[in-house]
Amino acid sequence: MVDLKVSNKEAYYQQTLENTPSKTPFAEFWRKFKKQKLAFVSFFFVVFLILMAFIGPFITPYDITEPDYENVLSGPSAKHWAGTDAYGRDIFSRVLAGTQISLYVGLTSVLLGAIGGTFLGIVAGYYGKRIDSLIMRMCDVLLAFPGILLAIGIIAILGPGLGNVIIAVAIFSVPMFARIVRSSTLAVKSTLYIEATKSIGTRPKRIIWKHIFPGTVSSIIVYFTMRIGSAILTAASLSFLGLGAQPPSPEWGAMLSGGRDYLNIAPHVTIFPGIAIFVTVLAFNLLGDGLRDALDPKIKE
Amino acid sequence: MKKTVGWLSALAMVLVLMLAGCSDSGKEGSTAEKGGDGKKAVKEGKDLTIAVADNFTTLDPHDTNDTLSNSAEKTMMEGLLGFDEKMNVVPLLAEEYEASDDATEFTFKLREGVKFHDGTPFNAEAVKVNFDRLADPDSGLKRHSLFALIQSTEVLSDYEVKFTLSEPFGAMINTFAHPAALIHSPKALEEYGKDVGKHPVGTGPFKFVEWKPSEGLKIEKNPDYWKKGYPKVDAITFKPVSENGSRIAMLQTGEADFIYPVPTEQVEGVNGKNGVEVDSEPSIVVRYMAMNTMKEPYNDVKVRQALNYAINKDAFLKVVMNGQGEKLDSVIAPDVQFYSQQELYEFDLEKAKELLKEAGVKEGLKAKLWGGNSSSTVKAMEFLQQQLAAVGITVEVVPMESGTLSDKIWSVQNPEDAELELYYGGWSPSTGDADWGIRPLVGGKEAFPPNSYNVSYYDNEEVNKLISAGLQTADENARADAYEKAQKLIWDDAPWVFLSADNTLAGKKNYLKGVYLLPDGSLSVSEAEIE
Amino acid sequence: MEEKVLQVRNLQTHFTSDSGTVKAVDGVSFEVGKGETLGIVGESGSGKSVTSLSIMRLLKDTPGKIAGGEILYEGTDLTTLSEREMRKIRGNDIAMIFQEPMTSLNPVYKIGRQLEESIILHMKASKKAARERSVQMLKAVGISRPEKIVHEFPHQLSGGMRQRVMIAMAMACNPKVLIADEPTTALDVTIQAQILELMKSLTTTTDTAILLITHDLGVVAEMCDRVVVMYGGRAVEESDVVSIFTNPKHPYTQGLLESIPKIGERVDRLQSIPGNVPIPSHMPMGCKFAPRCPHAMDICWEKEPSFDKVTTNHSVRCWLHEEVPQDESDLVGSSER
Amino acid sequence: MLRFLGKRLLQVIPILILVSIFIFLFVHMIPGDPARLVAGEDATIEDVELVRKELGLDKPITEQYVTYMKNLFRGDFGTSLKTNRSVSYEIGERFMPTFWLTVWSMLWAVAAGLLIGVISATKRNKWQDYLGMFGAVSGLSLPSFWLGLMLIQLFAVTLGWLPSGGMDSWKSYILPAFTLGTGVAAVVARFTRSSLMDVLKEDYIRTGRSKGLNERRITWGHGLRNAMIPVVTMTGLQFGFLLGGSVVIESVFSWPGLGKLLIDSVAYRDYPVIQGEMLIFALEFILINLVVDLLYGILNPQIRYE
């Protein structure tokens, strides 16, 4: 509390203004976000992961594809921190290099899902009526459809490979984004000034881009972050079922799937990629939680 | 901030503990390797549990095309002939048999005094009913094709029956020994019709009790079994457990007395521990990488041979098969009838590179390798990828889900359009005869997809002739001669990279005797015994 | 002197946040006697609601904390009681009615159950007795067919009905003090009068003291015996209701009075106090009202005036009425206007 | 109320028809020839054609659909291509294992999730909250197949306390139910926390306090009862998902349930079984939504069924 030492009205208001820190939305967000301690730590971890995704493949202690048949399935040691796999490849190096793949799959699939979902959500929310119910029923069907069957179907139709895994995972994300964006679109749309803009005769495209889209951005960002974790998990599950990345790519789920046959003789083959998945997903989820708390105007102190 | 660090370190602790728990067992494994604990596990009662990898599809042998269901059927039903543990044909319900020289007529003398579980006597009439069913093209049975050649089945007397084929088929004796030729009680066939697959009634050592997909198959001792003194256990339960790790764990914890298959990776870890023994025996399963001989550059025999030289089979056995198998030295495995050994393509990178150069193949050849998406198949393909990289071939591994893969292989109508370049697969000739090990895979145009499994589109006139020569006679020597020549030709033409012959791997508690896998991967429990 | 049921002495309630401590209530004192009605008046942000919550010790879910002073209920200092002891007081000795009848009842429970809850708790009544008491209370607050209403859910009642239920609930255990925080603000004008009338009649029979928190001087005129005017977390004027209306001393009170439209008077423009309630974290150092005060003097900016009696019954916190070492006469004159 | 139920149940029919068309088309669009897969790898083309004819797959797809729908209206889901048994038998056999596994998973998950959620909400920003929410996020972040494998390794293989798979005794339920419930518990905990935190800001909570109710009564009686309303929807949804059978968990624990059946049927392109299962899922989903709506009415008296 500041007791203002002033001697007249003008000075008082002047002082009040000066003493109120000018809070930009970002500064306000940052202040709230810093208070989310777990999320704050996760943020740095995610930054670290992204860094690893770029430099990881270049700093691996061993070649990630070069086999060493003399040295298969050896446990963690000073030489191989996380042991070696069935071909004698260094697991630590592969986990490190795999960061890129998991993040790539996670980010691109959610990005695609977000683009598709945002588009559908805005269209549904803005135009309403028939288009709205058509889009939303489609999303319901997609949501109720067992994901695995969908994935198997998509991958069977498109063929195996990382690219198609991304598409399959992206399709999972579309309906959720559509729903979220639709509801924020409805909220933004109902505010008066959009009504006003509409009556001036601005074109729908312009209204959507200039007014509605910015209003939905914060919920998109929050859900985007939270979704990355589950996208990485879904991709890993697909690899686990043999529908994911192609060898010899060090995708974590594929590594785990290959390792489960050795579970009781060489558990490290399964444990380390599992931990990598867990920690990465955890970081994104915690970050998402923190972003939500910091961006959601509903949560006040 | 402090708190966060606290939570993170607590989490790390938990993970470390889990790790410790897991690596403990790893250590145990390594001590067992050295000598094993040698302790005899103890079994109470005479009921066995056998964990298998999949659900049975049916219990009607005439309509079965998977070895697993055959194994179950063989516990309850018997055929005229059967296989011993080396895949030799032995008499079962027939005491002796005769074949005409042109391999068109087969006469069997039947065992007397045998009764089906429902009390129906076993006789020539029962045999006729069964084979008439199999030979009927309208029956819709999956195994009809094996017996389509049977023109007539005659009852010569109560215990004598004669089959006449429409054309010579030298491998027919093995077909009679095939599990598809198990014999139903005629009464059951009449009573249940198509549903006989849910109500199997045979002459075997065990009687059917119950079969539910969720709980598996239960069978019990047939006290009136014709072979005196057998069976020696009271009941057997088969449980489908698809996850390898779970199956192993069931054996270790004693929930199962016998499991199969044991994944090759696990053999070392479980053998000799917790009273578990792993039986590893040669099988008739062959592993190969087929090359499309109609496609550039694999239409050049030099390239195909080069690939054979380029792959280190010892390393393949060690890394992919975990030592559980042998190098494949013919197109069929040693336990298949009329097998003849060939001279190995020894691992020789220089020679491989030289041959490739002679064939005009440049560095950086790109190839697609197709295969299934099970972890063991993917592992083998990844190994092949690594090996071929050493001779400058960049392989893209394309694991496919079973339905997609079969579609890719069999939807080809015109051999020239086949997309397939390289294919990793395995084959087990269920009749145990050279014919079924060779003809479907490399038997010329007749066997091209979609007709059969000749995915290398291999078509050699001479080989084709030898294959049909082998079928024209029932004379063993003449057949052996034909197949020996055929195997040599195929080996030199190298439509495949010949990789390995698998071992069958079964895990059992060490008190169990007399349960074993045949080289075709089917199970025999009739002599099961608990010590 | 008649015994006072509730005495608040120098109450300090502080809110802590990132940017520091805010004194939401800073040294407020007042007393209520049996059967007496005390009005607490002020704009929103003046600290009047915080004062009531402080008395009930209901600051739990806010960052607020009682930082000093005493709240004496029949001689017991409520600020020193344990949470358990305090629960025995709440709803039993001191009851409260809130501003929003629409949201102050739990939507998922029937009226009867919500009424009975505190009766069973505080009067150790059986379920049956509690039901009887509830019906009786509903009847007392003028609800027809109370037997039926107990089986209804809050959303089935109108706002006025709900506020009656709230009053029934508050009065069910015969409290000695009833705190009513803007009880009529959310209601229709016609219903407002009924509710006020109801409160008055109920408390007269039970001799219950009322602490009426409101920004509406009309309500005060109708209900209260005494009035405390709050501004910026401080009591700025206290007096009997007549003096406040006839002889307001503090420029803020004067401003408030001027902002009520008077019947029979032709008004060109509704008077309102210029400026805003100061941001709690940026209080002026001297008199809190100085930035809005038409009579602000230099001293007002420098030093806060003390809360002093101008008559036995009338206190005010203003330099205009303080013995200052300055010429005071023309200042007093200027306050008349 | 009855009219509401009747109306809702009537709505089921067109949805099921739509689902059946959608599934039929989707399933037939996936490459793969069931005749070939059922006949087996070493089958000759004659075998395959025989099987195709036997299974009725040689007929045009529209005819197949018409036949399928005709049978469906008679309550006949068809016959499994792979096992030759009726689809209703195949599904019936696997339904109960999945159902009970789902029930046990949900029971512990909802109980644990509620408890964690309530504690976190009432101890907001205290260590209990941080621990609870960190646990919940961890539960969401664990790859379930990995968790299952690790639990088998630890409790079945290393310690030998629990069976590793199959469905024999109550002990068999522990590991799969724990694994399957982890994610749900996490979701329930997070949902309960945020919902309860919102509710605890409501005016009626203050009213309750002003009546002298203790915190336990406030939280569990007044708060949770209101907070449950959104939690119930979410829980119902989760229940529906789990009832479909988890492919991954069922395969890790060799659970003879619907998830396993689905993946097997897909591998064999066993169209009637896939279609039958999908219809059952859809039906379950609709029924669960109906139950959730009814529960809504019980929890929230402001909703009345028209």
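For clarity, chains are labelled A, B, C and D in written order, and residue numbers in each chain start from 1.
By definition in this document, contacts are C-beta pairs under 8 Å (C-beta built on N, C-alpha and C of every residue); 3 or more make two chains touch, one makes a residue touch a chain.
What you see is a predicted model, and the numbers here were worked out from it, not measured in a lab.
Enquirer: Which one of the chains is closest to the middle, using the mean of its C-alpha atoms?
Expert: Minimum centroid-to-centroid distance belongs to D.
Enquirer: Could you tell me between which two chains the number of C-beta pairs in contact is largest?
Expert: Pair with the most C-beta pairs in contact: B-D.
Enquirer: From the mean C-alpha coordinate of chain A to that of chain D, what's the distance rounded to whole Å?
Expert: Using C-alpha averages as centres, the distance is 24 Å.
Enquirer: Take the average of all CA coordinates in chain C, do the same for chain D, and state the distance between these two points in whole angstrom.
Expert: Whole-Å distance between the two chain centres: 54.
Enquirer: On a C-alpha centroid basis, what's the spacing between chain A and chain B, in Å?
Expert: Each chain's C-alpha centroid was found; their separation is 45 Å.
Enquirer: Of all residues in chain D, which are in touch with two or more distinct other chains?
Expert: 30-32, 130, 134, 138, 149-150, 152-153, 157, 251, 266
Enquirer: Of all residues in chain C, which are in touch with two or more distinct other chains?
Expert: Correct list: empty.
Enquirer: Would you please write down the residue numbers of chain A that are in contact with two or more other chains?
Expert: Those would be 37-38, 152, 156, 260, 263-264, 267, 271.
Enquirer: Contact residues on chain D for chain C in the complex?
Expert: Per the stated touch rule, the residues are 200-204, 206-214, 222, 225-226, 299-302.
Enquirer: Provide the residue numbers of chain A that touch chain D in the complex, in ascending order.
Expert: 37-38, 141, 144, 146, 148-149, 152-153, 156-157, 229-230, 233, 236-237, 240-241, 253, 256, 260, 263-264, 267, 270-271, 274, 277-278, 281-282, 285-286, 289
Enquirer: Please output the residues of chain D touching chain A within their complex, sorted ascending.
Expert: Residues of chain D touching chain A: 19, 22, 26-27, 29-32, 130, 133-134, 137-138, 140-146, 149-150, 152-153, 157, 240, 244, 247-248, 251, 259, 262-263, 266, 274, 278, 281-282, 285.
Enquirer: Residues of chain B touching chain A in their complex?
Expert: Residue list for chain B touching chain A: 1, 3-4, 7-8, 15, 18-19, 22-23, 25-26, 29, 244-245, 248, 263, 265-266, 268-270, 315, 318-319, 373-376, 378-379, 381-383, 385-386, 396-401, 403-404.
Enquirer: Flag every residue of chain D that touches chain B in the complex, lowest number first.
Expert: 30-33, 36-48, 50-51, 53-54, 82-85, 90, 93-94, 96-97, 127, 130-131, 134, 138, 149-150, 152-154, 156-160, 163-168, 251-254, 256, 260, 264, 266-269
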